[in-house]
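Next, two complexes with chain A in common: one pairs it with chain B, the other with chain C.
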Partner chain A sequence: MEQGKISAGELALLVMSFTIGSWVVLPTGIQAWQNLWLIIFLGLGEGLLLIYFDLALFRRFPGKTLFEIHELVYGPFVGKLFSLCFLWFFLQMGGGTLGIFVTLLKTTVFTATPDLALLIPWVLILVYGCRQGIEVIARSNQLLIMGTVGLVLISILLVLNIFNPENLLPFFNLSFAEMLWISIGIAAFPFGQNILFLMILPRVNRWQKVTGAVCKGMIGAGLVLSTIQFLAVGVVGKAGQILVFPTFEFYRLINIGRVLTRLELIPLLNFLTMGFVKVILCLYALAVGTAHLFNLRTYRPLVIPLGLFLLLVAGRIYPDISEHIRYIQKVQTFLVLFFALLLPLVTLGVAFLRRLPRKGMTP
Partner chain B sequence: MKGEPRRNGHANRHLKIGQGLLFFFLLLLFLVLAGGCWDRRELENLAVVLGIGVHLPAQGEGYEVSFQIVRAAQIQGPTGETGGGGGTIKPVWILRTSGPTVFEAVRNATLQSSRRLFLAHNQAVIISTEVAQKGIMPALDFFLRDHESRSIQWLLLTPADPVEVLDAAAGLERVSALAINDLIEDYRSTSKIRPVNIGNYMETAMQKTSANTLPIIRVKETAGKRELLMDGTGVVKDDRLVGALNAKETRGLLWVLGEVKGGVNTVDLPDGAKATLEIFTAATKVKVEAIEEKVRVGIEVKVQSSLGAQTTTDDLSTPGQIKKLAALQGQVIEDEIRAALRKAKEYKADIFGFGEYLFKHDFPAWQRLVKEWERHFAGAEVEIKVEVQVENLGLVTRPAFPKETGEK
Partner chain C sequence: MIFLLLFVFLLLFLWEAPGLVAKEYWRELAVFTILLLAGLVISLLLVSGMELPYIESLWLQLFARLEKVFAPGP
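And now, the complex of A and B:
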């Protein structure tokens, strides 16, 4: 198996990029609009709680991936069944993310380009990066996340002349139930999807620091997302509710003296890098998980076929954007909560009942 | 790779060569992909559209869309119409197409134009009043949806066929759409029109209680040439044109919205004389309150102005006279606001966004009043407070008359 090690700091940044990932392009809870930047914090709180539960598994079995834990808890056969479910989850997450970015590119810039021409180069880089191992992914991510945070900070300055604070009012015009429901949606996507890191945590050199690092990464991502949403509301105003890609549109509106305009491609490229990190982590988890499922010594030969698989899934998972939006609004919350809350809780419960881990079990 | 167990050197070298080859072919692939965009369009194959007019056809359904397309080769000339070697060819080409929707009309243009239309640089969308009476959003949807067109295009209204505006002489500019752009940007020196771009229009249209306004442009014949003229504001309620404001009422609207950036006020002095004061800075504060069923609006305007011209021989530079002038200008400003309010109430159109203010600052009250907002708006009590400070006299103190005449 892979031997690479990453530090807790690198893990935190990976969590941050992964969480920013595709939410920044196609957000959940857009119906809350001017309240969303506040609700993100509520969702962040719930998400932290959720991930804390999930990390309890890791704290109970330090140094084990989720799939190893499954086999320890349920035995080889049932454990592999559970792992297979998670593989499917990672696959649809990666495929969906890839799909979103292809849709974004297709609707905004490359309208006539065939999907495959956009997907193939992307998958080639994904496969190449994934074969390099987690160390390389983590280090390249450091650069990419710096770019994103820098961009968000710069955009605060760029929108000063078109930012209208009045657009942010009223702060709370939703009923408590609506707000709670939207915040749960945010806790699930993007924060709940961090369950994927249970496949990567054993690669961190000091396992005691893992929980803190993941939480730091999520808080960082929450701040970035909230800032972007805050700016988007102030700039676009109410009209943002009917936009398919609000963040993209708000960069389109930047207009400094009619000279500095059309900057939307810069954030677009930048968001693509966040999506890239998300998809590459999905691919990595898929490859490592599959290798473990079949007791392979290394995951590397699996990367290319799985990358191709991801490409096919990305092309077909959502036939159109409206299906995708409906999926995000109606289905995603339940799906993620099933994988990030229910299954880990069941595993934790069974481990508790069987009094695992027993002494001498960990090699 | 670092942590991988070392293989023997021989196999390793083979692997290296294989990887190198793979890498090389990858590079070749990227070369192909990077060399050209899939859907590339070169400048010489594009027809750059600078102005678009939307009109209804004389009979039948759908839209008639006119385009002002720039002839890039004719633009380069250094001076007047003889420049650039192009002789008498106009620097723009007017094209007119029709179709059941604006989008189809735009595409149908390719049947007449040898080059594909490129909309990303479009400056203004001009809508005829007929379209505006039928509904603006249906005509505008394409401009919001299309990825090429941008939401900072100006939106204007014209009483006649928009093609006349697009075809009008452009004054000092070579292309009238660019002239329109400059005319709108110069609103700050008169504050008698209110610029609206597509994004603003969409934003206001999304607000439940607000009504939209659009600047009106028309064509005026001057010395045998048809020139452009900005003339007042159209009021759009529920996406349909319901009326118009004249220059004075438009100024009133701008006062309330806090969008007055400059301009002049002329006040009446005794004996039919007049004085014109220039507005330098203006700040507006609006406060809307809802007490039970009654809407109360407080408008506070603070202006700093300067004396720009006078037609009397009196000395207006004394402190007493200046105070009087300030009071008179305050009265004029209040009149302007009252005129705008009267018109808006007549149309029952909340062009000032009072309802939106309630939505933002007093959400429970908004919820209570939103259902019958028209009635509440028409019955709103408005209190206006104007504070004018005349700060400057210009370069002279009093008109050039012997002192005896000036002093009475």
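And now, the complex of A and C:
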């Protein structure tokens, strides 16, 4: 369908940007606040385990997308039903991310701008980028992720005069069960959402390096997220717990000699790029998946209507941010685990029982 | 607003369809048209003021019902 190929290194950077995605502005497990930067590592470990199971599918069926694997394992009809469920998951993931960034922009900078005025230009760029193919997305991402990592490193220097290490105390003031639950939430979102890469892995030129690349990307993202969270806690203190976008807010407090102040727009733009990469990968997976579902020769004509769907979903994803936070706390972990753990495990189990793949099924 | 919406969707169709017809990608054209029509219908409903449900609110309602079934209170 598409001939574009990406390297394992590009894949690792894509995974990194995708994982940073929207978590960087709206972290889950905020109730753990000063421990969150540590719990991220626990969540990362669980997330790596989760993805290891998911990648077991790709190792069993090398060169096949998740949707192709579904059809091989369950047959064309049931396989397509499974794929349809995943299409909804990708659509909701992309629309949700778009919705979060629109909320961020509306509550911080463009307070009087209508949603559509923010959504339409964004979706136009997404559609244009997605039609260029995975190679262009991966190469653009190299620049964007370098900017984000650079920003995080510079942030460490910028907050030195306002960073208070006492804000980080006390360590581990939560019960083990609470910490474990929060870490599972983090393993699901953002790390578990990397199940989407099962639609992209066949485009990697060396399949043998895929597992390592995905793990490296996730570890890199874990380090970036943990560092930003560490800085946010150290700068904002306990007040950060009541902020909706704490990682964004702490940049507002930077003050270097009353010259470098009000720097929050720089990370805002920077974080937007990470959200952009996440949504464009969702759109790409949606288009490629839909094209596969209908046995099409190209996914490109579907990008415009699916981009439109993303726009519509972003507008009807949640009525207000408090509803979204309630959704994160009550639903999101279960929903992501259903798609990133349960369904792949069932598929793997059925493939094992049916002794698939047979000779000639995989290249 | 409805006419503007119809005009935009017509433009989108005319942007994509001729290329698909030229290449004889009939199946692609059919799927593209169906998806675009679905998008048009939802957009028209929204523009005409119909209150469509919020997706995450639906999930929350569903989970609240499941909670009642699996963990009935006193």
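What we mean here is this: the second predicted complex is superposed on the first by the 362 of 363 C-alpha atoms of A that agree within 3 Å, B and C clash if a C-alpha of one lies under 4 Å from a C-alpha of the other, contacts with A are read in each partner's own complex, and residues count from 1 in each chain.
The rule we apply is simple: a residue touches a chain if its C-beta (ideal position, glycine included) is under 8 Å from a C-beta of that chain, and two chains touch if they have at least 3 such contacts.
Fair warning: this is a prediction, and the values are worked out from it, not measured in the lab.
Mind checking the superposed model to see whether chain B and chain C fit together on chain A or clash?
Superposition check on chain A shows chain B and chain C fit without a clash.
Counting only touches as set out at the top, which of chain B and chain C does A:L269 meet: first, second, both, neither?
A:L269 contacts neither chain B nor chain C.
Using the superposition on chain A described above, determine whether A:F294 touches chain B (first), chain C (second), both, or neither.
A:F294 contacts chain C only, not chain B.
On the A-aligned overlay, A:V346 touches which partner chain: chain B = first, chain C = second, or both, or neither?
A:V346 contacts neither chain B nor chain C.
What is the contact status of A:L260 with respect to chain B (first) and chain C (second): first, second, both, or neither?
neither
For the superposed arrangement, I'd like the angle with vertex at the C-alpha centre of chain A and ends at chain B and chain C, nearest 10 degrees.
Computed from the C-alpha centres, it is 110 degrees.
Applying the touch criterion given at the start, work out whether A:V78 contacts chain B, chain C, both or neither, answering first, second, both or neither.
Touch status of A:V78: no partner.
Applying the document's definition of touch, where does A:R326 land relative to chain B and chain C: first, second, both, or neither?
A:R326 sits against chain C, while chain B stays out of touch.
For A:T113, decide between first (touching chain B), second (touching chain C), both and neither.
The answer is first: A:T113 touches chain B but not chain C.
For A:I242, using the defined touch cut-off, is the partner it touches chain B, chain C, both, or neither? Pick first, second, both or neither.
First partner only.
Quote the smallest CA-to-CA distance from chain B to chain C in the superposed model, rounded to whole Å.
In the combined three-chain model, chain B comes within 7 Å of chain C at the C-alpha level.
Which chain A residues are contacted by chain C in one complex and by chain B in the other?
none
For the complex, which residues does chain A have touching chain B?
Touching chain B from chain A are residues 2-5, 107-114, 117, 121, 124, 128, 132-133, 135, 166, 169-170, 172-173, 236-239, 241-242, 249, 252-253, 255, 261-262.
What residues on chain A touch chain C, complex-wise?
92, 95-96, 290-291, 294-298, 301-302, 304-306, 308-309, 312-313, 315-319, 323-324, 326-327, 330-331, 334-335
Quick one: which bits of chain B touch chain A in the complex? Just the residue numbers, please.
Listed in rising order, the residues are 1-4, 26, 29-30, 33, 37-39, 147, 150-152, 199, 202-203, 206-207, 359-361, 363.
Can you check the complex and tell me which residues of chain C touch chain A?
Counting only chain C, the residues touching chain A are 12, 15-16, 19-20, 25, 27-29, 31-32, 35-36, 38-39, 42-43, 46, 52-57, 59-60, 63.
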